[in-house]
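Structure first, commentary second.
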Amino acid sequence: MTPARLESFSDNVLAFAATLLVLSIAVPPLTSKEGLAGALGHEWPSFVAYVVSFSTIGIIWINHHATVRRLKAVDHTVHVLNLALLMTVVILPFTTALMAAYLKSRDGEHLAAAIYAGSFLLMAVTFQVMQRVVMLGRGHLVTGELSNAERRAFVNRSARGIPLYLLATVIAVVSAYATLALCGLLAAFYALPGTTADGPGG
Amino acid sequence: MTPARLESFSDNVLAFAATLLVLSIAVPPLTSKEGLAGALGHEWPSFVAYVVSFSTIGIIWINHHATVRRLKAVDHTVHVLNLALLMTVVILPFTTALMAAYLKSRDGEHLAAAIYAGSFLLMAVTFQVMQRVVMLGRGHLVTGELSNAERRAFVNRSARGIPLYLLATVIAVVSAYATLALCGLLAAFYALPGTTADGPGG
Amino acid sequence: MTPARLESFSDNVLAFAATLLVLSIAVPPLTSKEGLAGALGHEWPSFVAYVVSFSTIGIIWINHHATVRRLKAVDHTVHVLNLALLMTVVILPFTTALMAAYLKSRDGEHLAAAIYAGSFLLMAVTFQVMQRVVMLGRGHLVTGELSNAERRAFVNRSARGIPLYLLATVIAVVSAYATLALCGLLAAFYALPGTTADGPGG
Amino acid sequence: MTPARLESFSDNVLAFAATLLVLSIAVPPLTSKEGLAGALGHEWPSFVAYVVSFSTIGIIWINHHATVRRLKAVDHTVHVLNLALLMTVVILPFTTALMAAYLKSRDGEHLAAAIYAGSFLLMAVTFQVMQRVVMLGRGHLVTGELSNAERRAFVNRSARGIPLYLLATVIAVVSAYATLALCGLLAAFYALPGTTADGPGG
């Protein structure tokens, strides 16, 4: 099987998941007492979480692209691992809405932040597993342009995000704001030039 | 007509239906008395149903791909059968949300589970009809790489899921949990290596 | 400009609009007094409207495909007409949900049905305008395989759905059920073999 | 990296954002006292905002297409700028729903209109930055068919929308209706023949 349809299906899912994030931003009810400006101001966690999650999905998309274009064929195992990765991405509109709803609450904000960063961590780990199985364990599927050492460097580079998302998950115990800030910093860092294939799981 | 646009349209619908599944996972209201952890804990049927349905759509996608890449052309009948198949997939976000909402209820959980497994059964049967019409009845549309015997084996292999989904539907009378577990086991089994084209209707 | 990206964008929009139709089927609230079976039974207009609308979008997709694959290039006017057509398709999840909600009501069901069939009529008329402008007025964009007479026959054949959708809109004054039945019959008829390019506006 | 996957991902996001706009049109509740006709009449801002936003996304799509088909390769910076552009498009279903909900309110309508036009302005500015960086600063990525002067003209032409969207944002202070009308006029103008690549940011 050629990777073309895997790539197109993955593109679709990543694009839809990123677009569905907008549903986590609610239109304030007309009856709100504080007025529209006040209501939107109180909703700032929704906007920040939207930007952080959209950027993170964008980066995973860039890195997914970088991985798949190095494949000349895919097999059943690659398909299944790729579906597992997509399943971790599609959950993000939920974890983003959860983070947005609970960030400013006095109850549950630590758990919501841990789930938020934890969903990025799960995505990064799943991507690392997929890359390790494909790049290192299934050399016959990889185009000839990469040497063994290059493949190993590619996979290891993409593991770098994992401890940082683990940190973001753990510090949720201390502060949900710190978790959101760290996830945002990671997305911003990976958007810098020269960092392709360093992103979350990529 | 070439199968390229049929494939791309189907990819879109399958990817979008899989992504919409996330909408069946609700953010617990801030006012919930049991706290966020308790509320999410009570919502476990949503998470399980999400994973089972996403996996099942993923497998039908793999099998759809395996079928369509064996076609060199499509006609009006193939288009209509394919649309009928897609219509059974697009209903899954509804049947999944129904299962998630009713699994733990004392009233309606048997019916909800029967509808849930029944929607997989309908999908599997529709896929089998499509495969039978295309592979066996429209040989001129199939690429030359498959012999008659191979085509028959391909179609028969993909019928294997039907009795199992029928069983999952029927045992809903006894236990909704058993239905969900069986649907999950089927998805897990089809994700094992070497089972491509054995999945629901595939 | 080549028609490839127009086709891919249109495929996306048609696929999403068809998939969003599922959101018009609501999960009955757990507190419903009539039980799940009764509640789902009362919701039958949602299921029927879903099937009719999904089929109609499927047929417009087949006919859109039949039109675009006869083009070798597209210009700004074709893009704009195509966007106008897509705008009439994207409204269908709304008109379908409206029909489903009001069919059994004693107030507003005639208007809802007229809007439902009227949205199909608008789609058919827009498609006819697009076809007329492209096929008859912009011959240099059409592949050489069709003669002038064939092009005219192609366009005229696709106008046949218009009076029938007009009828479906008008009889809403008498009965909303008749409107839904006629729209369903039209979708079923166009799904029959040999009717390609006879569908709504196609 | 080739631009093909960037184009396909962008197509998906643009198409999906345009389709999600339909969710900002609500089905009036059955219990509404004014009847369905009255309720839909009161909802006219939803319909107008839907048409204006859908048209604007359609035009940005045409212009995005016009830009990307002039690229022979893309790098990390182009990917990141493109994701930033898409992030400004995906927010439109929210700003459109906000505009629709608040246009006729006595409180907040000016702010809602400023946010609505402001989201178009942000999109136009982001597109201009992307075009400037790609077309003028990364000549090696552009196909050879355009001279330096043509590239500069292409980019400058697409900056024309910016002051007009700025105006639409500013006049929200005076009248939310004027903002909506101006945004509608801009979309209609760009739909005229011969205006390709003059649209919002394009």
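Observations, loosely collected:
Letters A, B, C and D mark the chains in the order given here, with residues in each chain numbered from 1 onward.
In this section, a residue touches a chain if its C-beta (ideal position, glycine included) is under 8 Å from a C-beta of that chain, and two chains touch if they have at least 3 such contacts.
Quick caveat: nothing in here was measured; it's all calculated off a predicted structure.
Counting hops only between chains that touch, chain B reaches chain D in a minimum of 2. Looking at which positions face the partner, chain C and chain D present mostly different ones, since fewer than half of the interface numbers are shared. In this assembly, the chain whose C-alpha centre lies farthest from chain C is A. Centre-to-centre separation between chain A and chain B, using Cα means, comes to 26 Å. Multi-chain contact residues of chain C, defined as those touching 2 or more other chains: 8, 12, 16, 23. On the side of chain C, the complex with chain D involves touching residues 1, 5, 8-9, 12-13, 16-17, 20, 23, 76-77, 79-80, 83, 86-87, 90-91, 93-94, 97-98, 101-102, 105, 107-108, 111-112, 115. Of all residues in chain A, those touching chain D in their complex are 7-8, 11-12, 14-16, 18-19, 21-23, 25, 27, 30, 35-37, 40, 50-51, 54-55, 58, 61-62, 65-66, 69, 191, 193-196.
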